[in-house]
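Right after this note come the structures.
Two complexes are shown next, each including chain A; its partner changes from chain B in the first to chain C in the second.
Right after this comes the complex of A and B.
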């Protein structure tokens, strides 16, 4: 009766209605006109012969005693939309500014298209940056802001005009050509900044928190626009962001950074489903972490004896662990099934009491207090308009998950 | 009602301390010189009523202005003052801009100290500082002693009592008035604008002329006016450091007033000087208004 399967007790029409109302932004961005969604086969990083367009080679940056970037090595490939993700102060902006040429690495090299650019000044690098503050020139019109980079190249005026018009058309700024930046809205300024960098037709486009100043609704549109432009121009984009949803939405791969170190580099799907550490698991989406010790390893299945309560969890994992090792089991809330009754047959189940229910319309969050007072979150899609036995506060419930949904983490 | 008082306050100030004194000076400039106290006629006797005012006004004329414009001495003095003030202003700008730029680019914790150093000379009397320059610039002064001991020159340079000494004096005295507005406009320019210019392919020197300088223009104009306007009417510096060939309107005004006791001509000189100075001020205000218009 309480099965989470979306169509179990709903008509087709009803199902369409709820899913249509609840998930369009996601489905739009995930399966939109992207040529290299994770499933499309665009994965140059898997090709051992393909040279990267950008290579950070053991790059370290210190400001006095503070280590902003600590021995980072990273390859980024042509046509990628690469995200550097992390909390503020993790070194992601410093890494980007070193690529732009505003900071010089203390150690290591930066190689772009096979050429060592570590010592090149910013104005000689084949990269252009879109600044977080937009950095539009306040004394110039939209037009001459966008044409600024082209004028530096000594390009013919007629050629500049064509390129500026193209760039303005791309971001729909034509009606504002003669305006000054402070006569524009935040969203328009953001598009001028984008057009100004893209008009140079750089090999690599750098975006430093490009959408940070926009409100949530506008940000969604702008992300889509960035993806469209990235694809239509075929430029390699590197974006710095602290917003994990933004990184997941736009990028082909994400590097999650922590205190100057690259914690993990993977596609959005892999980073969500197979985080390499508790830090990454926590930073990307919601996660439940259960601590325990390995009690048995057999046939690709790891048994973990729960440290905080009774129970052994079975997880299918190729992680190389030894019996007795301390490990953590990461479980995404949406992969945990919540029921009133003890499941007849489930590989893993724990019981607890509902502490809190968060109703978000399309989905509900259930915070369940399990053994030792730990709170575990489960997520359920509200596929029916009403449940006969809705789960509510103080209910005794069971949480269950199959062996192939958890991730065993050793750090 | 209370708002009206607030708005009226600056106008009352202007009326009391600018318009009324100006009107008194203007009135004297239309009078004739005489040996009496006060040394001009006619004088207005309010007790005579309407008729007295009418006779008084009928005796006023623009004779003194005609005199000023017919005598090349005054025209030359105006022209020379504007020239000396103009050259001094350009020199002050050339020296002040790099200083202000350096201050605006200095680390935050230094800026207050640097600002302090710029303002520090104001704590000593202006007159004493100008006298000190006599000690430096005169024939057997510090500068000549230094240069001769260094073997750079064999004969002492004649700087004192020339226009060069006046330039040095004006540039030195008015430098802070140039630096402060320049600093305040340069400091407001976000460093990311320069980074953006460099990122878009502009080397630092070009980025300076394309971004930094145009954005500091308001400070350049403010600084130039703050130096130029007082420099045109400057009296102390040309009097102490300048020579006989240094012709400046401030000195002319002084000698008309105190040596010749010709208050009406001195007043006319002052009124014309005011008009000469009001023109650049109005020009500047229109510039600022245009800028605000453009910024909107």
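Right after this comes the complex of A and C.
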């Protein structure tokens, strides 16, 4: 589509993201339990004798006929930054509100530090919440908002002043101490709400869509501020969000929820690389899902006969499947290579016609219509400046991926 | 919008205000009349205000009226505020729709019927009519006005503010005293002033509920007028107009300031 650029003879393969460092070391991924190596050694959920700080035991919440939370069992550990992720109406906020004490579980128990708190009122629980609307007290200054919780404890005034100052310093609110909430910007109000909850030094901090009202740029900053405060105070944070990027950024583990059920609990890396179901794969990031039947299982390699087109896909997977079983192969767009020429040596390849190209500057999205009319998306980094041999609309292309990318899903 | 001065607009406003206020103005002017005859102007004087001070009957009635208004406004505001909180805060309880309909029914109920039914009640339970029956009657009808005013404020009040207070360790009582009440205070004060004013100038209901021991000023004036208007009545009416005006102005000032504060918070 552009005139020939003189200096480019780069091949398609060089642009592909899979050649970069974005994927986990592949030797590690399929041996033993399927996990994505976390960045730090922090993984209390792997320690069988470590008691959780919060335990939801078969918790169900019904509003009339509507089941908001359906038999959820979940352990959250001390110092975790735990995310409850899901679309609106999936029950994530209800789960959090039950922990705060604003809703009573219809069935099940909630245990915090070994104590059953199911019947405790909100004001007797060792948790504090940061509200989506911030819920600041409009008639109080920033200082007295932050000190409110401490005054309820009957703490000495001198002690309250120290704690309020600490909290204000932590979120850089000192210059606004005497202002009322309506004299603050959205970002400042958000920090007051955070400081007010953190001033109580709760064992567990609950955050209900805490950054939902901020614009994108501010939200990015606020996410890192939350992580910094969480680490420096050593508090257990539980955040509710519908923003998967936010959950991936801040949390140690994510629980993906769907219609009141916890679909999967895992680290951000594991959720992304090894989703447990099509729902989770679709919810976190973009994914291509190819339907098929298991045609052979041998030595850790599963052969899948594509249901909608010619070809068999090979996948190295420890997934327990039987021949003839219906499965879905989930492939992340950035792990698929797109080329004009048929690959000579590739374990998996399908051909198709480019339907749409989305040029985003740093990367391009290619939507390719394959055999059955399904659209498969591939991503490519635009690492060269020229448009030489650029893949464009209506091009006949090949999509290929190695056998050790992709996840076999049975539901 | 055309905001320029036009003779048409000016005339219609002048006529409108004249229609509303000329009778009242006339009454105020005649309260300063020197002449004993109400309809004949005899020059300026404040003597009727002075003679009012010696008219025990009227002063008694005025004192009863103020006490009735104060007590009934206070009780009505408390009950109305509680009713509004229940209506807004409690999501579902059996009979909620019935309750919310019933609390506002007295707003549209003809006063004669309210008064008559109260009279029947007092007679039926053999309750001696007097000061306290007037108070009770006034509480009954001004409570719903108070509930409407407070409910309007509660409806645009973020419930999570109360949840935040409880989350931070405040018991329900502390939450109400330290958070809910300060936030709805302007509405509660407006409600009180409204109830006070309503009670102050009520004639119909009070005349059903009154007894030999206690008569309110409006009843007194009404009964005296039938025997001919005296300039003293004009004087006391002027004082009542002043009190009511002051109450209405204060109420609207408080409401306006609360609205300004709320809109400043919303920006």
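The rule we apply is simple: the second predicted complex is superposed on the first by the 373 of 411 C-alpha atoms of A that agree within 3 Å, B and C clash if a C-alpha of one lies under 4 Å from a C-alpha of the other, contacts with A are read in each partner's own complex, and residues count from 1 in each chain.
Assume a residue touches a chain if its C-beta (ideal position, glycine included) is under 8 Å from a C-beta of that chain, and two chains touch if they have at least 3 such contacts.
Just so we're clear, the structure is a prediction, and the values are computed from it rather than from any experiment.
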Problem - Side-by-side fit of chain B and chain C on chain A, or clash - result: clash
Exercise for the section: For A:292, decide between first (touching chain B), second (touching chain C), both and neither. Expected result: neither
Exercise for the section: Give one of first, second, both or neither to describe whether A:139 is in contact with chain B, with chain C, with both, or with none. Expected result: both
Practice task
Please work out whether A:153 is in contact with chain B alone, chain C alone, both, or neither, and reply first, second, both or neither.
Solution key: both
Handout entry: Which superposed partner A:122 touches (first chain B, second chain C, both, neither)
Key = both
Fill in the blank from the handout: Dual-contact residues of chain A, meaning touching chain B and chain C, are 100-102, 121-123, 127-129, 131, 133, 135-139, 148-149, 152-153, 182, 196-197, 200
Problem - chain A-touching residues of chain C, taken from the complex the two chains share - result: 158, 160-161, 163-171, 174, 178-179, 182-183, 261, 264-267
Problem - Residues of chain A defined as touching chain C within the complex - result: 100-102, 121-123, 127-129, 131-133, 135-139, 148-149, 152-153, 181-182, 196-197, 200
Completion exercise
Interface with chain A, chain B side, in the complex: residues 190, 192-193, 195-203, 206, 210-211, 214-215, 294-296
Completion exercise
The answer for chain A against chain B in the complex is residues 100-102, 121-123, 127-129, 131, 133, 135-139, 148-149, 152-153, 180, 182-183, 196-197, 200
